[in-house]
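Heads up, the next two complexes both have subunit A, just with different partners, subunit B and then subunit C.
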Partner chain A sequence: MDFSSIVSALPDLLQGMLLTLKLLVFAVAGGIALGTLLALARLSSNRLLSFLAGFYVNYFRSIPLLLVITWFYFIVPFMLAWATGKMHPVGAFASSLVAFMMFEAAYYCEIVRAGIQSIPKGQVNAAYALGLNYHQAMRLVVLPQAFRKMAPLLLQQSIILFQDTALVYAVGLMDFLNTARSRGDITGQLHEFLLFAGVIYFVLSFIASRIVLRLQSKLAVGQN
Partner chain B sequence: MNYHWDWGIFFKSTGIGQEIYLHWFITGLGWTVALSLSGWLIAMLLGTVLGVLRTLPQRSLSAIGTAYVNLFRNVPLLVQLFVWYFIVPDYLPEPIQTWFKQGLKPEISGFISVVACLGLFTAARVCEQVRTGIQALPRGQINAALALGLNPWKTYRHVLLPQAFRIIIPPLTSEFLNIFKNSSVASLIGLMDLLAQTKQTAEFTANLFEAFTLATLIYFTLNMSLMLMMRWLEKRVKVPGLISLGGK
Partner chain C sequence: MIEIRNISKWYGSFQVLTDCSTKVDKGEVVVVCGPSGSGKSTLIKCVNALEPFQKGEIIINRISVGDPKTDLPKLRSHVGMVFQHFELFPHLSIIDNLRLAQVEVLGRGREEAGEKGLALLDRVGLKAHADKFPGQLSGGQQQRVAIARALAMDPFCMLFDEPTSALDPEMINEVLDVMVELAQEGMTMMVVTHEMGFARKVANRVIFMDQGQIIEDAAKEEFFGAPRSERAQHFLSKILNHC
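Coming up: the complex of A and B.
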């Protein structure tokens, strides 16, 4: 084992890690936003809306993420061309980001739904009695409490998402893992580079999940 | 932008012998199922052993289980696959190494790497479920078994595990479904599983919408049927008298 060439590859690896983190941050933000809308739709009294949201969630939960990433890589350019009538070059980054957002939204939706359902019905009734409409009741009363409760689960899911971003290897994006692999190929030290990547992923996920655990016990105490 | 829709594409000849494109999907599905079931076998065996270790009073034994779970849950699946595919074969002892690299067909050695990867990855998750299942049992169960004179091995074998497994069928089901979905990483090291065959069909025919729609339908149907099967099993084996478990 010879780890010397990793040092000279560090700037490249850092670039790769930045891409991984960029993908992660956007996917988490978009996924939670879309997931929250889906959760509200699933809990809506409108039958059609809740059926459609339920179908969306079950659909994305039953197919592999890798299939979604690959498929979107092919179809997002087509979709845009149909929508706008012109060909736009869409990079692997944009298509992967859309794939992650839409896929993870299905998982975030279930977390948010459970969070909303854990809020006592009295809270909603009280909000309505105070004259708030549905929109205000959700935004000002229910969702802030729900998000507080489900923060650890949302973070846990985001750690899984962090690990799953490595799958963009399939569409050739130079994320952290793919950078490590390609530098490993060039220098003939694939073993060292892959192990290094594995250790970095491990350390980051492990620390993050420790933080989540701590947060969980803190919040648990906070609840009466 | 013209797209030539053709849902009949699956029945057209691939140009290789008598094959039609549907055959590719069927062999792909075969690989996917074979990978997942073999991986699941390893995951269940190893996961059960580790799960039991984590519930033992001996600190050193339960630490082994904890370390395993932490390691395998915090490294991405694809990194683990690369380790099994690119690194581990180079460290096999000599006669086995040559046999693995040269004696076996590439798809067989690739298959073994993916199965090892999926099996050990999923074992960490199965371990956590088994541990939870055992810890969910009333403390009286283990005390009663020991009072009856059963040794620890027999206590787990006849009292704790049979009940724990019946409790954890729902979470195990989702792990079981996950291994089918995770097996698609095999396509990234050149195994011709369902996803790889789909990509190949899309590239050969340019009918990518049709190809990916069929793949989605196959995964979806596979998932749904496995889930229904597990629900049926859950009902069959539910522990009488426990209301919260085993469906309504």
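Coming up: the complex of A and C.
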């Protein structure tokens, strides 16, 4: 084993990690936002809305993420062209981001939905009795409590997403893993680079899952 | 003030309420009692449209509750409601519980709402707890906060659904005291409760329900003197012995 060329590759690897994290942060934010809207739609009394949201969730949970990523890479430019009438080059980063957001939203949706359903009916009644309308009751009373309860699960899902970002190698993005692989190829030290990448993924995921545990025990204590 | 006219309600094919009619005049206190499952909660929830009903009409201050054109949030903001399980919002501090609807629904400023909230907390003897969270208070204290939260909206009437039945016995009186005071100040109140001491003290009328029907609707003296129906007599003897 010879780890010497990893040192000189560190700036590149850091670049790759930055891309991975950027993808992660935007995908988590967008995924949770879209997932929350989907959860509200699924729980809506409007049958059509709830059916469509249910279909969306079941559809995206039944196909491989890799398929969604490659598919969006080809399809997003066409969708934009159709919407705006002009052909835009979109790039692998934007199309991957949209793919992650839409795919993960299906999973976040189910977490948020369980969170909303775990809030007792009496809380909603109390909110309505004070004169809040549906949107206010959701935004000010139900969702804040649901997110608090579901924070560990949302974070858990985001750790999975962190690992799944490596799939962007399929559309040629230089994320952390792809950078490590490519530098390993060039220098002939592929094993060392992959080993190094594995350690980094492990350490980051491990730290994050410790945070989940901390959060869980804190929430358990905070309950009345 | 509140007029309930021939209300019937079904859950699927099960009839919960059958042709219920009564009214609560301005400044009146009406106590509703009856055995478990008789439809008391359902009836009182119909009054502020937390439950829909299929037949009949409820009028509050000349506004029809069942009319699809009625602005329900606005109507409810003027009708205070207190629940069996308090239903304070656990993620908000006590003062924010009192502030929330004042700001969001009535459009008051945060400061004005805060002052109003503190004054009401003072009135129920809990000003010192303003910055705590609901989970840190006892049941009796939480229920007093819930009453203050409803009063912060300047309601023209108040609905109570078994406000003391989830409380430990030693906390019941602190809540009843607040309610008695409210009644004596002339608040219009509809109260589901089995606290007959409270009824004796401040009620104008007592309603007895059984199996979704209003069996008895009588002035207090009449009700406690000699209830006409056998079922009400039976019920009354049971809970009075119990106390």
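The working rule: the second predicted complex is superposed on the first by the 224 of 224 C-alpha atoms of A that agree within 3 Å, B and C clash if a C-alpha of one lies under 4 Å from a C-alpha of the other, contacts with A are read in each partner's own complex, and residues count from 1 in each chain.
Simple rule for what comes next: a residue touches a chain if its C-beta (ideal position, glycine included) is under 8 Å from a C-beta of that chain, and two chains touch if they have at least 3 such contacts.
Bear in mind that the values here come from a model prediction, so they are computed numbers and not experimental data.
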TODO: Sticking to the clash and touch definitions up top, decide whether subunit B and subunit C on subunit A clash or fit.
DONE: fit
Open item on the list: Applying the document's definition of touch, where does A:Phe74 land relative to subunit B and subunit C: first, second, both, or neither?
Closed with: first
Task: Touching partner for A:Leu194 - first (subunit B), second (subunit C), both, neither - done: first
Open item on the list: I'd like to know which partner A:Val141 touches here: subunit B for first, subunit C for second, both or neither.
Closed with: second
TODO: Quick one: the Cα-centre angle at subunit A between subunit B and subunit C, nearest 10 degrees, please.
DONE: 110
Open item on the list: Between subunit B and subunit C, whom does A:Arg214 touch in the aligned arrangement: first, second, both, or neither?
Closed with: neither
Open item on the list: I'd like to know which partner A:Leu65 touches here: subunit B for first, subunit C for second, both or neither.
Closed with: first
- [ ] Check whether A:Tyr128 is in contact with subunit B, with subunit C, with both or with neither, and answer first, second, both or neither.
- [x] second
Open item on the list: Looking only at contacts as defined up top, I'd like to know whether subunit B or subunit C touches more of subunit A.
Closed with: B
TODO: Considering only C-alpha atoms, give the closest distance between subunit B and subunit C in the superposition, rounded to the nearest Å.
DONE: 22
- [ ] Kindly list the residues of subunit A that each of subunit B and subunit C touches, one partner per complex.
- [x] none
Task: Residues on subunit A engaged by subunit B in the complex (per definition of touch) - done: 59, 62-67, 70-71, 74-75, 78, 81-82, 85, 87, 163-164, 166-167, 169-170, 177, 181, 190-191, 194-195, 197-198, 201-202, 205-206, 209
Task: Touching residues (chain side subunit C, partner subunit A) in the complex - done: 45, 48, 50, 72-74, 76-81, 83, 85, 87-91, 100-101, 104-106, 133-136, 149-150, 153
Open item on the list: Which stretch or stretches of subunit A touch subunit C in the complex?
Closed with: 120, 122-123, 125-133, 136, 140-141, 144-145, 148, 222-224
TODO: Show which residues of subunit B lie in contact with subunit A when the two form their complex.
DONE: 1, 3, 70-71, 73-80, 82-83, 86-87, 90, 177, 180-182, 184-185, 187-188, 195, 198-199, 202, 208-209, 212, 215-216, 219-220, 223-224
